[in-house]
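If you scroll down you'll find the structure; I have some questions about it.
Order of writing sets the chain letters: A, B, C and D. Residues in each chain are counted from 1.
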Amino acid sequence: MAPTSKAWAVVAGVGPGTGATVARKFSLQYPVALLARNPDNYEPFVKEINNAGGKAIGISTDVSDANSIKNAFQKIESEFGSHGCAAAIFNASGRFFRKSVLELSEEEFTAGYDVSCKGAFLFSQAALPHLLKVAGDSSTQHPPTLIYTGATASVKSNALMSSFSTGKYAMRALSQSVAREFAPKGVHVAHAIIDGVIDIPRTKEWLKDQPPEAKISAEGIADAYWNLHIQPKTAFTNEVDIRPMLEKW
Amino acid sequence: MAPTSKAWAVVAGVGPGTGATVARKFSLQYPVALLARNPDNYEPFVKEINNAGGKAIGISTDVSDANSIKNAFQKIESEFGSHGCAAAIFNASGRFFRKSVLELSEEEFTAGYDVSCKGAFLFSQAALPHLLKVAGDSSTQHPPTLIYTGATASVKSNALMSSFSTGKYAMRALSQSVAREFAPKGVHVAHAIIDGVIDIPRTKEWLKDQPPEAKISAEGIADAYWNLHIQPKTAFTNEVDIRPMLEKW
Amino acid sequence: MAPTSKAWAVVAGVGPGTGATVARKFSLQYPVALLARNPDNYEPFVKEINNAGGKAIGISTDVSDANSIKNAFQKIESEFGSHGCAAAIFNASGRFFRKSVLELSEEEFTAGYDVSCKGAFLFSQAALPHLLKVAGDSSTQHPPTLIYTGATASVKSNALMSSFSTGKYAMRALSQSVAREFAPKGVHVAHAIIDGVIDIPRTKEWLKDQPPEAKISAEGIADAYWNLHIQPKTAFTNEVDIRPMLEKW
Amino acid sequence: MAPTSKAWAVVAGVGPGTGATVARKFSLQYPVALLARNPDNYEPFVKEINNAGGKAIGISTDVSDANSIKNAFQKIESEFGSHGCAAAIFNASGRFFRKSVLELSEEEFTAGYDVSCKGAFLFSQAALPHLLKVAGDSSTQHPPTLIYTGATASVKSNALMSSFSTGKYAMRALSQSVAREFAPKGVHVAHAIIDGVIDIPRTKEWLKDQPPEAKISAEGIADAYWNLHIQPKTAFTNEVDIRPMLEKW
């Protein structure tokens, strides 16, 4: 099915999980750019979307690097045109070090922030002018949307988790500041607290003794993001939590 | 359009605003019962839904009265059959007294709790056995859903607002306890923080100097509730906020 | 040691735990009134404080009953004079029913609210005029203080806990509304989240295999309340959490 | 008055405001080290404390630099001995850029995090071994305490404030993770939300038309920190808010 809109969507942090599934969902309406450091992480999905009649490109991008992000958006515009961005999804996460505060190196500690927050900032800064273009275009169907993927650690900071949670708390702060600045300009900004294990190849062996409802489906996340995207200007949701039916919280 | 499901939906707290619009939305798939104290509040919408090919009944109900609630659910079952409840939406609010703590009578103070929390409890207790019936029925399409309509005052308690906010905070506590108890049994429980002025006949003169995006559309809320309802067991949202694009928060 | 101030303190919800210990602490500076339903709960502490050179009275009071509360404050004024209230501590809790939402009777469900929130409202309404008197008296040493004792369930509502948590969430809402209304008038209002098992006779057998640091000392709470009381108008704390060193949170 | 303890205290982020006042307060019991980038910021207070009979040193330190922090703690130990740290207060804040997300440079955006969070991490990592030494020493009077100074922006992220709030949210995450890891080892970790304008030379002209109770007194903060420090192991407070009586919140 060919995308019905000229404005494009972009997903940063694509791998065989949430990112790919979100890209697939948004590709039903938009040309979509898939960003990941490693081409192996987006290539199969770019192919799959194009084979299905969609329009997708993959761009090797380091979201914590300003130039890399800048180049990615130039590439998107040169491929998809300057019709503006209908949806930008930041789904990247920093590396994860389950370690005592006493044992973390400075590099390990800041790794979470560098991607989750600085990356989200660089991505937002690059995406917002394109989102504002769509906001000002009365012919578009849905308000342009900027979504950040958070985690349990966005609102709870456990022992040994500081390198991860500091980045996620900071990303949530960024999302709220961006929402308050750009909602009045017509951009819908939302933060999702993904609370649980996502059911992806990497977590196949986790929670094996439990029924499927113990894990979050990537499709469920993608549908939730799409439903955020189609909200009208009169009813923006700025934060959702998403967890499987069997999650303790 | 005739409802496609035998399981029914129920909306408590119907008036010419959110309640009616939510009922209209859910009537596209379910027979729907509209509950309000005053028949004037539901009669036009019952008629409208039935005229449109849907199936609706109205029941005069005082949600703060256990017997009244009990009678309402017996009436629903006798009209719609014992196919169970697919969606129960608690949308009632206690009366509102903008007064100093020193000037509130005991009756005024408890009025908020009596409807917003005790009413929500009585409604939940009556609805849950019917929701559990649908949860155990593998032929139904969406997990049965119980949604509570909250407000800004569910998470912020301002001066002079105690009679309202105490009821709303308490209702949020109820929703979280019910969610944690019944999600593992397959019932999707969600709480919505409606943050802003809803665009209904009663608020027509409010914010008149502002564009339409300063108010929340009841349709936006109804769509958000429907999108909660269709979430799968692997991706339940337990809390959403909803505000118009121009709301300060 | 005789109290050094004419303004008095009042503690509602006295038993052999937090209430008695808080009363003892405040009796070092103020004549203090101890309120409880059952005289057995305050008599030993009234005696103890008076024997130690303090000045204490006990009043049998049902905090969920407006007349009972009214009578209590009239009794206090007739005994201690109309010098105003320096500190009012609401420490009462509703009865506790660990039950499914489906099994709670209406009376059981509302029992938490009736004491924790309606009681707190009636107590606040009765105490505030006396607190305002002290606020307007430049000769007093510390800003008059109104403290509410909350619990883990004030901010987290677990399964089977709805009768308790709804009352505690509502009390927290009350405390915030009262704080915002009366702080500008010079009354210091604070809410304490007591997160853990308090070390009192009733909990002697609990956590027996753990070191003493697994429980909260009532003295620790009393000291924290006193330290709230002596904060100046330029540095009010409106919420504290208190937990023992070994508590998981 | 000479300090009565051998264990020492350290305050990072000293200037003519909270930092200096906190240092003065803790110098009544402990030898105290004052850390700031610019010696002008600590020299007058080091002199003042030593003149008053206390024991103070100042160390020029860049808290966002691991080596600078490391050198500071070596200097402290060589001056005050290896008796351990009784209290470590992190009071530094990153630079502040009130700017749109679209106008912040990468350096400006990360400046908040670099000090508020990375600095807090480096400081915690350096201080914790010394705090643990005191935790294991049964002769010390109060549990060793690590306090982080937060702000309104630690829990609310407004438009144009992202460079500041992202650092403060992240610091709060750090404080909670450190608290959960080290409380069971006897270290008291607390985070303070300073909500309002602090009354210091730099803010002299602010809120000039308002009474003194519109600003927070640095003494009020210092007293609150001391009261956190003297809490026993059975009653730790992990978060306090502090605001002046006239603050809107």
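The criterion applied here is as follows: a contact is a pair of C-beta atoms (placed from the backbone, for glycine too) under 8 Å apart; a residue touches a chain by one contact, two chains touch by 3 or more.
Which chain is which protein? Per UniProt: A, B, C, D = NAD(P)-binding protein.
Quick caveat, the model's predicted, so the values are computed rather than measured.
Looking at subunit B (NAD(P)-binding protein) and subunit C (NAD(P)-binding protein), not one chain touches each of them.
When chain centres are defined as mean Cα coordinates, C lies farthest from subunit A (NAD(P)-binding protein). Remark: subunit A (NAD(P)-binding protein) and subunit B (NAD(P)-binding protein) have CA centroids separated by 31 Å (rounded to whole angstrom). Chain centres here are Cα averages; for subunit A (NAD(P)-binding protein) and subunit C (NAD(P)-binding protein) they lie 46 Å apart. Multi-chain contact residues of subunit C (NAD(P)-binding protein) (touching two or more other chains) are listed as 180.
By the definition of touch given earlier, these chain pairs are in contact: A-B, A-D, B-C, C-D. Partner subunit C (NAD(P)-binding protein) is touched in their complex by these residues of subunit B (NAD(P)-binding protein): 66, 100-102, 104, 106, 109-110, 113, 117-118, 121-122, 124-125, 128-129, 153, 156-162, 165-174, 176-178, 180-182.
Against subunit D (NAD(P)-binding protein), the residues of subunit C (NAD(P)-binding protein) that register as touching in their complex are 143, 180, 183-184, 186, 188, 199, 212-213, 215-217, 219-221, 223-224, 227, 230-249.
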